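Just below is one structure, and these are the notes that go with it.
Letters A, B, C, D, E and F name the chains as they come in the text, with residue numbers starting at 1 for each one.
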């Protein structure tokens, strides 16, 4: 069960309104790697956790914190939209800058949400739950989480660089720091799990059931071999089970497919002797 | 530029048709972590790569290989759909098993694709490009890739467990092995990048600009402290820059938000003295 | 800011697993009118609330409660999925009932979420934020909320009728009761607002600016006049501003549109004398 | 069956083209609460209506009218796009205003639709049918309709405020008036239904089957009790069946969930003694 | 403006309910090439038509007819859902056939739409407007229409083959006949337009501005030359402007791309000498 | 299986960066009729092809070529985004043109993809696979392909007109020429198939099973008969099987629908005598 305190986790007060920036900031609220994504992802991972109670607790702790980040961002965006120039159309004809601002806003911030934040990204695309994953396998999911925090911190940093508003930058410096912690956290949790099982997910599938001859070979599917100079092309494999190989000219190992004709009730194109179109079936 | 050979990368021949399994197998073709996702993700990362040519080459190699995996899966699914029992409706009344099979098929495999594979997942939901990321930051993106291969191998293993068809299992054992390689590959590439920069993405944002006092502290947003027993709650941080702290009772650091009223042209609810609804505005 | 307690708001324990029912129950978790919808809708309405602090507080109270409902449903669904028959394929050939069950499951409950709940609906379609609205106008939004609780309670009741599991029914009886409260709550809040402003949203748009001659007339756009017998076709209008009229044969009041040809850089179809196709341009 | 007359329901002629406004006006054509939504929603409610013929007739009347509104808006948008400055790129370098205008257009209005309207919203997001509901329960659905007309009229009013074009405003004044009627209409229909059944949807579920002790209590899930001053916190409930209560400190009534481990074929994370990571399984 | 008559364009009465078939039939109502698609596509093409009044009229005629097809299908689906076995869960344990039926239904037909049709396809995916196109170029769009009627008739025929219900087949035989007409109609309209302009869309782009040396050559991007035996590989081109050529081994004509490094504010991966990871930048 | 060469199929080098144009160019990369669509559509049609090997080969040839077009466009877009003015916000206040440029960019080109191309359209909407069709019936699908190439070439031409950059125009002139070829190609393939079967898809459904009396008649569902002057309203039908007729006043041929009441477990609105709302049920 959940409870709310009225104060924000950290201060969210812009120096002044900036409706174009409000549109951009939506990305880390309702985008692919925004705060709604991590909140939902961590909560579902926690709720679906079977055993391993310390991970369940940890996931729900951080998922609950992320809702507070959603709250900070919505509050910031609403303030950035204060008094957006809805009525200024006529003046805009005389004032190109104003026109530019209006052109750059998300019109839904006026028409739909009435100067409020929306659960969408910076292109106005709505958040959807296919952004999240809770697979039941914690190592797989913690890698998803490390990725989400890496993409998320990168995006917040880019947004930090895109404004000079001190209030906005102050709040973003808090989010950037929390993402530093959260990247560290998932790396720590991943290390813990990797020490107890293999680094390859899932660790419980019997090795002999996979086609072992291609399990450690890099396939060079292009002309040129620049890809040979990477760590992945030679040396011990990362799971310590084998040695990387570099296959410079991988060839097909399978059949040239030829499918059966469809049964009549499918009403496909009738078959005919393909080299002579004049010869009707 | 791209070229095609008619043979598959590996054999894709089921022992016998199984239209219900065909529906399930769609997940790793057109699902969130299916082969279309990794093909598109690696190709876009490669095409957008700015400098670092060996990574560009490597990304395009593996992206090109993944198109071959898409090809194997579509071929397999088409064969699993051979002669699906479209017309059997009447007999189904006498044959519960047939009815069950029909109930479990994706009807679009008959009506829309005429016994062909579709670029959708096992729930019939179409593939969309928000499943992919190419951020320009290679460390961030390689973490996305490691996650995709971890989720992908997990799903293929679950599908392997869900069938006893030897032909299907043979092809899946190939895909599982390739995912073993690809997890190893991304771990190797990640290690290489982490050795040259900090483990925190992005590594180029100045430390002093983030709110350092919360950059290494775990916030326990729930009753109970089971989350304290994890590696993330004490000891050196993973980036070797600080020490993990455990904040048992995190408190708000920000304001209780109070937004300005909207301007009149927004036509929000008029303000009124909220405690006395009889006092009209 | 938000906090979590480990216990659920109400007991969520099924008598026994039922993976087909788990799929159905997803509707009220991640569907159009499921608990994720109302949680997100109420929270965003609260966070975007400008003034009117008692409404902000109330919205955040109920939004916070709805996250607890999401938690109960995910927990229930995970238990309904306990030991779903993944490996049973071969036996299914001998056991039609088992086959039927498998046909009715959402395959992603095995392949993707590993027997966990998903933020999707009963058709496997992901939740998206266009299900929600936070317009800034509280009367409009409370009507959205009343609708959401009406559709939601209706769906939960239909799900109650679709199972005989006592544990599931017990939890649903709690949700049904909360929806009773929440319908009552929104009706109360609506009444309060309607007493302070007009019942028509928005109440602040000047009457003389709307085309008043069509503001109270029902237009019968079909043959037959059964629609005339409703309350909307005669008598005082609900806003007490006028009288309902019934327009039995509404006629067009506007022009027959004729658009300008597109400029050449659009490369539309060239114009030609349309009545004589033999006369080439 | 349906028939068409060439004239519009009301005049749709702008004073002059305005491609940026054309983008905004798309919201009430193809947005969440645009005219396509209400047309489809009312028609499906009418077609699915079981008995209650006067409601079926009324729903099809208004659904048919809404198609005429779609027609008016597409016609208006096409005219607002007349001669949009596609080729002006070069001049834009010298003319910031022109550049601003072009930046604010939806590029698809040129590239995709060739200066025609699109069935999308003002962010360019396509209309989809999850915006609509036809549940079979008329009281629930009429509440959906009242909400749609409230949100719709609010959006049209905001659009009215965003332009000074007399032709556009004239057409919008017609749509605003029709939305006044339609809000009145749904309120009238709701009153009629509420008089014949309970105000709580559905009215046919036995009271004793719901958890009555929580059916009329407001739960204060936050610090502070501002939410206590509302009509929903005390006094007779709106359905006249009970009295509102205010639960100042609601506590969990359910279990702390603990899920069973997943069966082996799910390949989740293996369980291990979580407090001692050095103790391998 | 539009008007409605209560009678259907053609009889829609199934012999008996069949909820599994109802799910399938949704494909041609709300699927990619269902009746909603063609209704919306033809209406938008008509409304956006600039000049060429006979085409506008024709488009609105057929668009209006397609709404009547939507009406017939919703009516049919609602009847196929009559008395679907919602409550039968317990009995299903004893009756495998019933279980099979339930497994094959779309659960939303009970929970969401209460035995009514939905604007979705047979996989439960909602209709969206990106299924449609109205480009302003009539020849392009009539080709879209011919495709839609071809796919649509194919799907209806497959659905005809999937049932033995005489009432359903009778209605489908009507839709199949109308699709015969509509394919003929678009072929006629296409022929008319092609006689007045070139067959290549758009016909108004100057030939000298395109790279003419590759405008008539087939590029064999695979091993093997089976594709050489087609009409497209030799002989006069279809636009009578040139001769088809077959390029057996097409080679790249462009550069090997090398992108500039990103500016610092993008925070990409830092560049480093890629072959020696120990040599830090 | 697939292979890659590092060089592009054709040169992709803009004269100079233009981030607003980069956004527009996304349409033909990741839009409804962009290069991803045709690549995926042709590949799936080829992979699902049952028999007719020359068509399979041809489809895979052109599908493989289209991946090279995707590659050219991503490379071009990345270069158009070189050094986009992220940090310029402050200066923008002094420089309206810069502001205009920034207003017109897709913000995700900075925040999400770090100056790289995205698999989305010009409105920022992600590509999804419902844009494609592979029905198994080649004549139907080749019509889809002809449409895609017609819409695609039209869009590229409009984009050509929207820029004066010589490098961009050079690349577009190549794509326009390839689309000329591909339109010719599909017309050639269509002619070949039409000569071997009827022009109506599918050609294998028995004529006597369709409602022949409406299979060649145009229905004038509107006032006025401008649609009578088209080729589709008189003369021999295009399939040479009959003669077009013009039905000036089509009348309903079906029933006025009346549905059964829903069973009690659906909890619809109770039925009541609809003309007397005071008479409770």
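Following the convention adopted for this analysis, contacts are C-beta pairs under 8 Å (C-beta built on N, C-alpha and C of every residue); 3 or more make two chains touch, one makes a residue touch a chain.
Quick caveat: nothing in here was measured; it's all calculated off a predicted structure.
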Chain copies touching (chain C, chain F) - same or different residues, decided at half shared: same
Chain pair equivalent in interface to A-D, over half of contacts matched, among D-E, C-F or A-F: A-F
Length of the line joining the C-alpha centres of chain C and chain D, rounded to whole Å: 8
Distance between chain centroids, defined by C-alpha means - chain A, chain C (Å): 26
Shared interface positions of chain D, touching two or more other chains: 1-9, 32, 47-48, 50, 53-55, 57, 60-61, 64-65, 68, 75, 78, 86-87, 96, 99-100, 103-104, 110, 112, 114-115, 120, 123-126, 128, 130, 133, 135-137, 139, 154, 157-158, 161-162, 192, 202, 205, 221-222, 224, 229, 231, 250, 252, 257, 259-260, 262, 265-268, 274-275, 277
Residues on chain F engaged by chain B in the complex (per definition of touch): 1-9, 30, 36, 40, 43-44, 47-48, 50, 57, 60-61, 64-65, 67-68, 70-71, 74-75, 78, 112-120, 126-130, 132-137
Chain C to chain B touching residues, read off their complex: 1-6, 47-55, 86-87, 89-90, 92-93, 96, 99-100, 102-104, 106-108, 110-112, 114, 120, 123-126, 136-139, 192-193, 195-197, 202-205
Touching residues on chain B, where the partner in the complex is chain A: 5-13, 32-33, 53-58, 60-62, 64-65, 68, 72, 75, 78-79, 82-83, 86-87, 110, 114-115, 125, 128, 130-131, 133, 135, 137, 139-140, 143-144, 146-147, 150-151, 153-154, 157, 160, 173-174, 176-178, 180-181, 183-185, 187-189, 191-192, 199-202, 205, 209-222, 224-227, 229-232, 237-239, 244, 250, 252-257, 259-260, 262-263, 265-268
Of all residues in chain F, those that touch chain D in their complex: 20-21, 23-24, 27-28, 31-32, 96-97, 99-101, 103-104, 121-125, 154-155, 158-159, 161-164, 221-224, 250, 252, 257-262, 264, 266-272, 274-275, 277-278, 280-281
Residues of chain E that touch chain A when the two form their complex: 154, 157-158, 161-162, 229, 231, 265-267, 274-275, 277
